[in-house]
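Here come two complexes built around subunit A, the first alongside subunit B, the second alongside subunit C.
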Partner chain A sequence: MKFNSVIIGGGLAGLVAGISLQKEGLSTAIISTGQNALHFFSGSFESLREPAPRIAELFSEAGIGIHYSEGVRLMPLGTFREAALSLDDVSIFPTSHFARKALIVGVTGYQDFFGSFLAEGLEKKGIQCRLRNFSLPELDTFRQSAGEMRSVQIAPILDRVWESAVREIRVLLKDEDAVILPQIFGFQDISVPGKIRREIPAKVVFAGTMPPSVPGIRTQRLLKRRYETLGGTYLAGDEALSAHVHKGTVHSIVTKNLDSHYLEADNFILASGGFFSKGMKSNPFQILEPVFGLDVEFASDRNDWYDPDFMKDQPYMGYGVRTDSSLRAIAGGEMMENLFAVGSILGGTRPELGSGAGLAIRSALAAVDEILKTGKR
Partner chain B sequence: MKLQEITESRHNFEECMKCTVCTAYCPVLQVNPLYPGPKQAGPDGERLRLKDPFFFNYALKYCMNCKRCEVACPSDVKVADLIQSARIRYDKSKPKLRDRILASTDFMGSLARPFAPIVNGITGLGITKAALDATLKIDRHRTFPKYSGRSFEAWLRRRSREQAAFPEQVAYFHGCYVNYNNPALGKDLVKVLNALDTGVQLLEKEKCCGIALITNGMSDDARKHATHNVSVIRKAAVDKKLKVVATSSSCVLTLREEYPNLLGVDNSDIRDSIVMASRYIFERLEKGATLKFREDYHKRIAYHTPCHMEKLGWGVFSEKLLRMIPGIEFTLLDSACCGIAGTYGFKKENYESSQAVGEALFSQIRSVNPDIVACDCETCKWQIEMSTGYQVLNPISILAEALAD
Partner chain C sequence: MNANEYDVIIIGGGITGAGTQRDCAMRGLRTLLIERSDIATGATGRNHGLLHSGARYAVNDAESAEECIKENMILKRIASHCIDETDGLFITLPEDDLSYQQVFVDSCRKAGIGAEIIDPDLARRLEPSVNPDLIGAVRVPDGSVDPFRLCAANMLDAKLHGGQVRLHSEVTGFIREGDAICGVRTRNRISGECEEFRAPVIVNACGIWGQHIAELAGVKVGMFPAKGALLIFAHRVNNMVINRCRKPSNADILVPGDTVCVIGTTSTRIPFEECDHVAVTPDEVTLLITEGAKLAPSLSSTRILRAYAGVRPLVSADNDPSGRNISRGIVCLDHETRDGLKGFITITGGKLMTYRLMAEMATDAVCRKLNVDKPCRTAETPLPGSEERSYEAVARKIWEKPSMAQKAAAARMGTSASRIRTGDRSDEALICECEEVSVGEINDAIDRLEVSSLTDLRRRTRVGMGTCQGEFCACRAAGLLAKAHGCVERERGDLVDFMRERWKGNFPIGWGDTMREAEYTQWVYKHVLGL
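Showing the complex of A and B:
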């Protein structure tokens, strides 16, 4: 099968690249083994602020609401961080003292939401907090069987019965001017968080939970749907195993499911993520990129890969594949003519492109521009 | 690396990093509170079961074996295989009569076929359905697939000489459904392949692939079917060097993956020869063969990727084939389970969750409002037709319909 571009990895970076290329009329395929980092997404795109028009357009065409203003956002454990471009689920406040009193409402039996940490953090900022739980008959049935109650189990139910949830919360509400809820609303129906905000007579803030991230999964689904609507081919659950490369040019990719049926293309984008997504792997001696065997930047002494203090920044998180300034990947010191590396697989090798989701989006768009440039040549 | 090969755990369960991603994609978990979900039923449960089989949980029977958890897992844990293997190993309950009946697709077929009009009449009657509901707990909302008067095998056998005359040859694993219920699909495949100058052969007496036996707790019977099928496929694939094509994604998944992974039946020398017909046809066209299509064919088609096609990763071939037909307006439906999962949705205790699982798909179909829904699975066809009223056809039948004579 032949495409203009074949993209390895269907996370944020791969999807942004795929959507943008399809929109320019170029045919693409995305190969993605398993799901990706969006399933752990906080809702804020780190290192991005006011979105460039093409980013704003990309999300709005996918039906995903995003916003930015200067200020701070609330983190899952009650701390604050400088605002970044965020999904509409995430509230941005001018200062951390965003309310007088807050009612923190969890769901009975759901333990992936850290109400007491939130309260502790907010009280430090002078916001008085009260902690309560609510339940609904529909959620009770789940609790009976569940050794664990996960966001993705209750979120689809809450999509249907969010109005009852609002009623329960209104009963709990006294004189608080803010209500803090877990980020488990709007799994399928993206309009639910907005409706809840309108129906509760206080400032409603959705705070992050343990994964899976409900807004993150929804974002993944909407981006994938947008990509497929534009005619993109998303090969879910397939894995790029190796590549046919000749004199610095990639010709085709071998995948697990398509075995002898190679995927050919003029351009290839490697968006296979960091260690977590197995875009990079390590053994006791080295860190490697398994599909193309690209050059990876890492410290030669293994003891320098990590900091024994778990809470410190870990050096290995910055490791990534080497590229030139146009994001063309490098193998054995030689530049690959038609292979671009984008997203987390870059690690910290391109600080000018930012970090986290910002890096994923910016690098994907930069690679798309390179491909469009060569196409026009 | 060596060490890892030695220590690799069964169905990769030790690779699980407890990320819970699979739980987000399990269609049953979202509608059935009695089901513990892929993570708990799969890798978490396996840890306990290895300590003591006492921890085997009978709620594992609610797993539809749709494999969506495996497609989603970032760590390549064979979650559904773990669950089905656990059922095979630890479930000591005897399958009920109802489950034995539902699972015996080929036996039922050969019994019912000679009396097709009578059987169809009887299983269609309200009173029979009520009786089946009450006695066997087969849900009364279900329509039984109709049995066809003459089997596909008999039809093709009478044409074997004519088929042998084509320069290219393939063998066809037609499966029970084409043989007994829908020979038209088999005939459509023959029409399309003949248009590619390819003759179609039967295998030397195939048996049901056995998927329903596996999910209904009759793995010993399934293993017998597997051993038999592997040996007859070997005659075609190894001795005659033929591709073995099939039109049902569940048959293909079972023949290629479930035989070695769940039943321990080695198919390594023939696995690569077994392909979906849509993949075979696509590859022939890619290598230069051509098909001539009617100019007056105009249809709005929505393609549904069956769960087992999703797992195979081959939906793309059906999609690209359909898109090749001029005059087709194509929509790819969001990949989601229809809820039937073979015999699963036929059981009274599963009817409600089965319908709830499918609702997202049904409502998308209603809003797209296509002329035809295309999909490569017979049980999806029953479920979607029953639940939405839209006509469902295998992509091969659409291809055949669109061919110029």
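Showing the complex of A and C:
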């Protein structure tokens, strides 16, 4: 099977690269193992602010509403962070004093929404809070089995019965001018959060929960749908195992499912993520990139990989594969002509590209530009 | 009688102190236990959790071996909900001397330990994880014990007998009258509150920290801190304890416990200053994995969950402060006869295994001083939760059709599981999925077991001890604690402390899947939840 570009990794970076190349009429395939960082997405694109027109267009064409303004956003444990480019689910406020009184509403038995923490954070800002829960008969089956009250289990139900949820919330609402709800609405039906905002006579704020992230999974699905609509080939549940490389040029990829059918391409994009996504692996002696054996920068003494304080920046989280300035990967000190590394596999090696979701989008677009400019078409 | 006056004050909330308080309280004394941190924070919570049969000591230390097997049989009766009767194997590998096996078995039998030579084939069938190259095997009545649960059950029983407990209170000095100690001054490490408590007898049960407490009282007890490092694996690889049949050495015991297994230990003398901050070094990690894989080869490819270390309270055996003669045996010092200081007793040395015997010896000494003539009943009276031996029977008695989580609760709490509130469905929601701990069980611990932080809660319920190391459950449990204590701000700080404490045991083994999990946790807590 031959493509113009083969992308390893189906998360944010891989999908942004795939969509952009397909839009230019290039044929691509994405190899995705399954879970990726969008499954624990906060709803805000860290290190991105006002979106460049092409980023705004990319998300709007995928049906994903994003916005940015100066201000702050409310975090799940009741703290505030500076605003970043965010999904429409995430509210940005000019100041942290955005209401007089807030009603915080959780779902009975759902432990992953931290109402009391939110209340404490808001009350520090002078916002009076009241905590309540609602329950719906449709959610009772989950409560019977104690381990199943999780965001992804209840969100599909709430998509269907959101109107009953709104009724319950309206009964609870007194003179509050803001209602804080968990980000568990709009899993399949993206119109639900907007409808809830319209139906509740107060400012509605969706606050984050423990992962899995409902807005993150929805974003992943919409990007994937957009990619496939453009004709991209998304190989879900497959894994890149190794590559055929000759004189600094990658010819093909061997995957777990395709067995002896290699994926050939003119260009390759490595968007396989950090340690969690297995884009990088480690053993007691070294940190390595498993598919191509790319050069990785890391401290030789393992004691230097960590800071003993959990709250400090951890050196290992900054480790990533080496590239040149055009994001072409480097193996054994030699530049790989047609292999580009993007997203969190870069670690902190390219601080000018930002971190988290910002790094994923910026580096993916930079690699796409490089392919369009210099790569084979 | 003043509210701050007791018959006896016990300093130290490890298993020895908790056991001593229970014994004293059961003999009718008014007791107070003072602990500077939480229960089981010292050596009590930092060992293998091995229920020794005594076999390990049989060849070199017959006295310890006999103590162990006696206590082994007692604990199986009185602490069944803290114990897993797994039995153990002492295996001989090709590089070991097989002739040691006979010496070992003879010594075991002399000490009263049932030791049976079995065919290596049978050993492989009984314990499939064992090194298949073994050339000899002996089966002994080893088992595993949850020291946190054991300590909490002792403390709880002392409370049921009228005992009082002051956790997070540090002894800052003693009150003296002439040649007698008659009270202590304390400072609460959370609230800063200073208090005084009086009693005619005070027991120093502080493990390695006992030397410092003795110094505060003006007497000298020569102790020698010996660090032991251990690793926890993320799976219960073995179902029987596996030991090497040779002279005791480093990293030659593998103990299954709940959902995990533990390999250890090393032994390194350390300076006193390090006792509060023992850390595991990369060299120790390497040694533990290499030696552990000789007992069960699959350990070399099993994910490691955590590294930790404890400090053994070794004491000079013969009252000799120079410490030329170090013993691992029990040391009970009456400082009146030894140093001319009235009202002060030190109980130290010994092992987790022999805590009950140590408590009995200390309580006998207390009673002699108080002229109380009551017999010790701790060897026959079950601890709260252990009235019934089978946890499945317990679960069936409480719930008509017990769920997995309810069975897990019954295994952890024994008959006390009947106290878990039910009826409201939200009590059944799971907080910790790795260990299947419910809202009800956590609220019960908060109500009865003196919980002031997430770390305290972990010691009592196993929340955060499983595969995810608190990643998912810590926030949920923090929500419950915030509600119970009515203070979110303190709880947010507590959550930070808890994650810091978990990381301390993770980073020494931070590679492979542990690093994956750590990256996820760090990202979620800092960037998604905004801690």
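One rule holds in what follows: the second predicted complex is superposed on the first by the 372 of 377 C-alpha atoms of A that agree within 3 Å, B and C clash if a C-alpha of one lies under 4 Å from a C-alpha of the other, contacts with A are read in each partner's own complex, and residues count from 1 in each chain.
The rule is simple: contacts are C-beta pairs under 8 Å (C-beta built on N, C-alpha and C of every residue); 3 or more make two chains touch, one makes a residue touch a chain.
These numbers were taken from a predicted model, which means no experiment stands behind them.
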### Task
Could you tell me if A:283 is touching subunit B, subunit C, both of them or neither one (first, second, both, neither)?
both
### Query
Should A:104 be classified as contacting the first partner (subunit B), the second (subunit C), both, or neither?
neither
### Task
Check whether A:228 is in contact with subunit B, with subunit C, with both or with neither, and answer first, second, both or neither.
first
### Task
Please work out whether A:46 is in contact with subunit B alone, subunit C alone, both, or neither, and reply first, second, both or neither.
second
### Task
Determine, under the contact definition given at the top, whether A:204 touches first (subunit B), second (subunit C), both, or neither.
neither
### Task
Would you mind listing the overlap between the subunit B footprint and the subunit C footprint on subunit A?
40, 144-147, 211, 276, 278, 283
### Query
For the complex, which residues does subunit A have touching subunit C?
37, 40-42, 46, 75-79, 81, 108-109, 111-112, 114-117, 119-120, 143-147, 149, 208, 210-211, 213, 274-276, 278, 281-284, 302-303, 305-306, 308-311, 314, 316-317, 356
### Summary
Per the touch rule above, subunit C residues touching subunit A in the complex are 282, 285-286, 403, 405, 425-426, 428-431, 433, 436, 438-439, 472, 475-476, 478-479, 482-483, 488-489, 491-492, 495-496, 499-500, 502-504, 507, 510-512, 515-520, 522-524, 526-531
### Residue ranges of subunit B in contact with subunit A within the complex
1, 19-21, 23-25, 29-30, 33-37, 40, 59, 70-76, 272, 279, 283, 286, 310-314, 316, 319-320, 332, 334-335, 360
### Query
Which residues of subunit A touch subunit B in their complex?
1, 29, 33-36, 39-40, 141-142, 144-148, 150, 152-153, 156, 188, 211-212, 217, 221, 225, 228, 233, 235-239, 255-261, 276-278, 283
